[in-house]
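Pasting the structures in now, so scroll down.
First chain A sits with chain B, and in the next complex the same chain sits with chain C.
Now for the complex of A and B:
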């Protein structure tokens, strides 16, 4: 690891750990959205290990997320409400499913790999939605129930007097109570750890091998190296990140629905990574933050909110503007996301990170930071 | 040139973490209840309804009713049911100046008819917008999911439209209240009418929306029709997202069934009924009898969607704008004045729930759920449609008259599509609280 890497992890940790302080400034200081920033940042980091380093575009990462969530909820139902076993189990399950899929899908590359992963994820979604209803509770979603066995909790005599228990971390409630930040701290600390591990992988000889695969796989095989074991390994690691993220989602809100495995969810992870900057360390996290923030804000604006905001304009103008604007907010917020995405891809192919680099160069810090630039820029094609 | 060693980084991170977690520990020790409006100075209700998805028509009508309720509570408009309601034998405690002297505000959210999205939206309301109560529904799956959240966050959830027995059965919660009727009551009300109209020897085929509400309604209708001597040939589950039911409908014709029960709601029901009629099912003779279709849970919005096809089809409904009691009339009048058309049963239940909660706060003299919940439990009220109603304390289920309706043969307008066949008295639909056993949990 270079000193710039330490600087990066330091910056990231500082940003994550101070979020409850600066979050309210962008109307994002409440646990739900901060947890989403951390969890989706984590999954984007894991996705970027695969896509950014090897160039293999997986369109099925939401399947691992879903598997992680279901595993965690089952761990709550069968064993204990403590989040630690749930998180470990969901990470492992994410890896196992990734191993199975990777074994099949990594026989192909390029567009064929993408389509295989997409098909697999849709298959997993259909299974969860209808075929495996006893395991996933279908449309209703897997939830805690009063008659869950919770073997370990019951053996230890931990049982609520009445009603459902809530998830706990070494005895402290994760979800219960008013504005409880424990759930966020767990997500944030794990996201920082995940970021640190990703940095280490990035710098390791294993990471260099992955970049070799991206730049020219044929050359790699001519030198006598088989790329497949490396690809499967990184695919499993990436799946474990997604499984872990799914487990965290369930830990802060013990419910798992098939919706989070739908192909649009997989697409969202790809969008996050590209929006932020493929192959950069910070980019995917930034992309995840931007998309989750926009989702939380834009999707809740409805026509009346827009009309209220434009109330200072004359009636006729106000009406015509609000008709246009309301198409881009509320349920139509994906339209805004699409436009932002197109603008970024056309004008800033390197994502938001490239934009930031151009900005710093414009301001005149270019020379000083040239070494830092090289460290975060995507490896050459 | 390492400016930062690993140790320094770890030390820094640990120190920051420790410093930041201090307020959390202090916070946990403070007393009071979630989102106390007297502390924040702002009273907010959250309305979490499906604005997209198969139940969005119902959701939009619910939202209209909520807006109307907020107006009336704040003393605007004509007051609606505030002029007719009585609680425990007395007039409303609400004075038309908000609740406990505070002006009522509201925020809205979109559940997308998905449990995940609904919980995220509800969490945002509770954690960010500071709502003291939230309401909504249109899917029992969603209602049950957010009711669990309400219990965890200790914020009252007044269910909107949710018809599954589980909502106040096995998934009942101390913080959740349901005014709407349920599948058990539909079965109890509908079965005798069906027997009169179709006879005691029928073979039924169920098509069921594949989630908690569908399962629970299928079970209830099966039980009550089998008690009459009907036979159930088959029960097939259909995914909620289905819009083409033809592959589910064709097997019905070859099954020897002479009654088709559609345990569908919203757009699902509009699609399946329309397609069944298009397949010519209503003209078929099976076992020497006319093939009949039954839609156990009916609503006017659905009848509007299905148009001509609802003629002569039986079902049950929680409330209808055609009821002539003073409460219903007052509500229909103020809703019609504001929006230009009559309200649906979903709008009715949401409107009543909002008034009941606000009135209970006023009665309790505080917003603290520890006092408001016991006020709602066991409450008797009248003048809000359906005659005298009782909020049962053991499972937070309301008991009131249920309407059995039939698609009208000669509707006079687009809103006059259903005729009331029978008003089933409350006593006939009441059941033991342990029939669907559950645990309310702590306050």
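Now for the complex of A and C:
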């Protein structure tokens, strides 16, 4: 760990912990979206450990996310509504599934690996809809029910007076009450912890091994090191991040559906990481924030909102522009996302982080800043 | 026994679609060395070419409904019917085969344009970048299709002539009949595959392309513009996907997401068949299609529930673990 690393963690922790203060400035002050920032930031950090360090592009991370969610909801149903056992269980399950998949998929590298992970995630998705229906409740999604056993809760005499129970953290309701930020605090603290662990991994000798795999696997094996144990380890760690994120999603909203495992969900994780800047520490979190923010904002737009925004234009122009613009917002916001993503991959492979770096260099304080940035960007090499 | 044969035929039919998509994928792999995640989207665009043709042919005007005499009632009558009467009706009925006239050139153009405008700039970038940019492209193409055609599946008519069942078992004394259209799809699929093989095997163009697949820089050193040929190959692969998509519409109503479902399986097909091997892609396409259909038989799926969802992936895993290059993969193609 270098001194700049502690600074990075401090900055990240400060940003996460003060989000309820500055969130309203970007119209994101409510718990739901802040939780999304934290949870998807976490999963992107985990994905970045795999892709950023080793260069193995997994298209199946949503499967771990889904498994994590299902595990957490089952923990709520069977044992207790407390989130702690739920997220521990979902982290472990994410790791177990990643171990099984990694054992097979990591025999191949490059595109084969991407295809195998993609195929595996698709298989999990279709299984969740068909054979595993007793476990996943099919298309309806896994939900809490009044007659769930909840063994521990019942043994301790905790029972909701009426209706469905809600998740709790050591007795405090996570989702109860208006503008209850407890759910966000849990997500934020775990995200900070996840960030810290990722940074430690990054700086450890293990992390250097992983970077060795990326830059030249053949040379690594010539020096007598087998890449496989390292790869499986990092794949499992990455899967645990995703499982944990899935558990957190269920903790703040106790239901799980198979659509969380669809390939587009895996793609979204990839998008976040690339958009922010693969291989950097802050990039994936930034990317997750940008995508989740855009999703929340753009997808709620519709034609009338657009027309309202363009009201200052003459009618004839306004109408034609709003017809075009409305294709890119609301339901069609994925179109904007796809275009942004393509532009990033084509022109700015380092993502937003590289863009920021270029910008600072452009503005002029080149020398002074490029050193600071080098520390941030070092993992990309 | 009849059920098995029928399922086998179903599998062959689906396998033909897999094989056609995988053929295009492999062509692009083998020549350009690019992993095209947008190939499923090209299949989907082909399907929407059929939808477009149908829409164009059934452009309608309001005419008075002659069957209702009590009041003024209007029905939509396609211009073609107004102009040509029954013949116009027949044309509309054949909209799916006719759509090939649109699908092939359009898809070829889209393919070459994509290669020239986008893919070309990714030859020297890592495979991960190629996957990412074509993945983004797949999203964009899918969303564009949704913008124009909406999110719902759009059923397309089967031509009257192909609507019946063919007593395919009669020569063998079996009582098996099979939808004529699906049989047609299989026949066209085989024809396209043979066409591609013939093109590569027996023409000068094909010889140059094969040489380019073997050693690209050597061909370039001999003064041949291999790049131009490869652009055409990309167009060809897109056109094949277009044919496969357009003709599949009567079997499966197209929607904007269909591309990705087929893409995932086609990738598995390519991997099982062996990266860069055209024969392998075709063989594996049919093999996996048939396998998927056979295990969906009640006799088997009752014993192991859900096997039909998993079998393709399970086979892929087994093949990759035992024969890492796939069934017919060649040494040195996409080895990393």
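We take it that the second predicted complex is superposed on the first by the 372 of 381 C-alpha atoms of A that agree within 3 Å, B and C clash if a C-alpha of one lies under 4 Å from a C-alpha of the other, contacts with A are read in each partner's own complex, and residues count from 1 in each chain.
Keep this in mind: a residue touches a chain if its C-beta (ideal position, glycine included) is under 8 Å from a C-beta of that chain, and two chains touch if they have at least 3 such contacts.
The structure presented is a predicted model; accordingly, all values stated were derived computationally and were not measured.
With the two structures aligned on chain A, chain B fits next to chain C without clashing.
In the superposition on chain A, A:130 makes contact with both chain B and chain C.
Between the Cα centres of chain B and chain C, as seen from that of chain A, there is an angle of 70°, stated in steps of 10. With both structures placed on the common chain, the touch criterion links A:116 to chain C but leaves chain B unconnected. By the document's definition of touching, of the two partners only chain B reaches A:140; chain C does not. With both complexes placed on chain A, chain A has more residues touched by B than by the other of chain B and chain C. Touch criterion met: A:3 reaches chain B, while chain C stays clear of it.
Of the two partner chains placed by superposition, only chain C is touched by A:267; chain B is not. Looking at the shared chain after the overlay, A:360 reaches neither chain B nor chain C. In the superposition on chain A, contact of A:233 is made with neither chain B nor chain C. The gap separating chain B from chain C in the superposed three-chain model is 5 Å, by closest C-alpha atoms. When the two complexes are superposed on chain A, the residues of chain A that touch both chain B and chain C are 130, 331.
Those residues of chain B lying in contact with chain A across their complex are 1-6, 9, 12-13, 16-17, 20-21, 24, 27-28, 32-35, 51-52, 108-110, 114-117, 119-121, 123-124, 127-128, 141, 144-145, 148-149, 151-154, 170, 173-174, 210-212, 237, 239-240, 438-442. Partner chain C is touched in their complex by these residues of chain A: 51, 55, 57, 104, 107-112, 114-116, 118-120, 122-123, 126-127, 130-132, 263-264, 267, 270, 274, 327, 331-332, 334-335, 337-339, 341-342, 345-346, 349. Listing the residues of chain C that touch chain A in their complex gives 35, 118, 121, 125-129, 131-133, 135-137, 139-140, 143-144, 146-147, 151, 260, 264, 267-268, 271, 305-306, 309-310, 312-313, 316-317, 320-321, 324, 334, 336. The residues of chain A lying in touch with chain B in their complex are 1, 3, 6-7, 9-10, 13-14, 17-18, 20-21, 27, 29-33, 129-130, 133, 138-141, 143-146, 160-164, 166, 175-182, 185, 189, 192, 253, 255, 257, 259-260, 296, 299-300, 302, 330-331.
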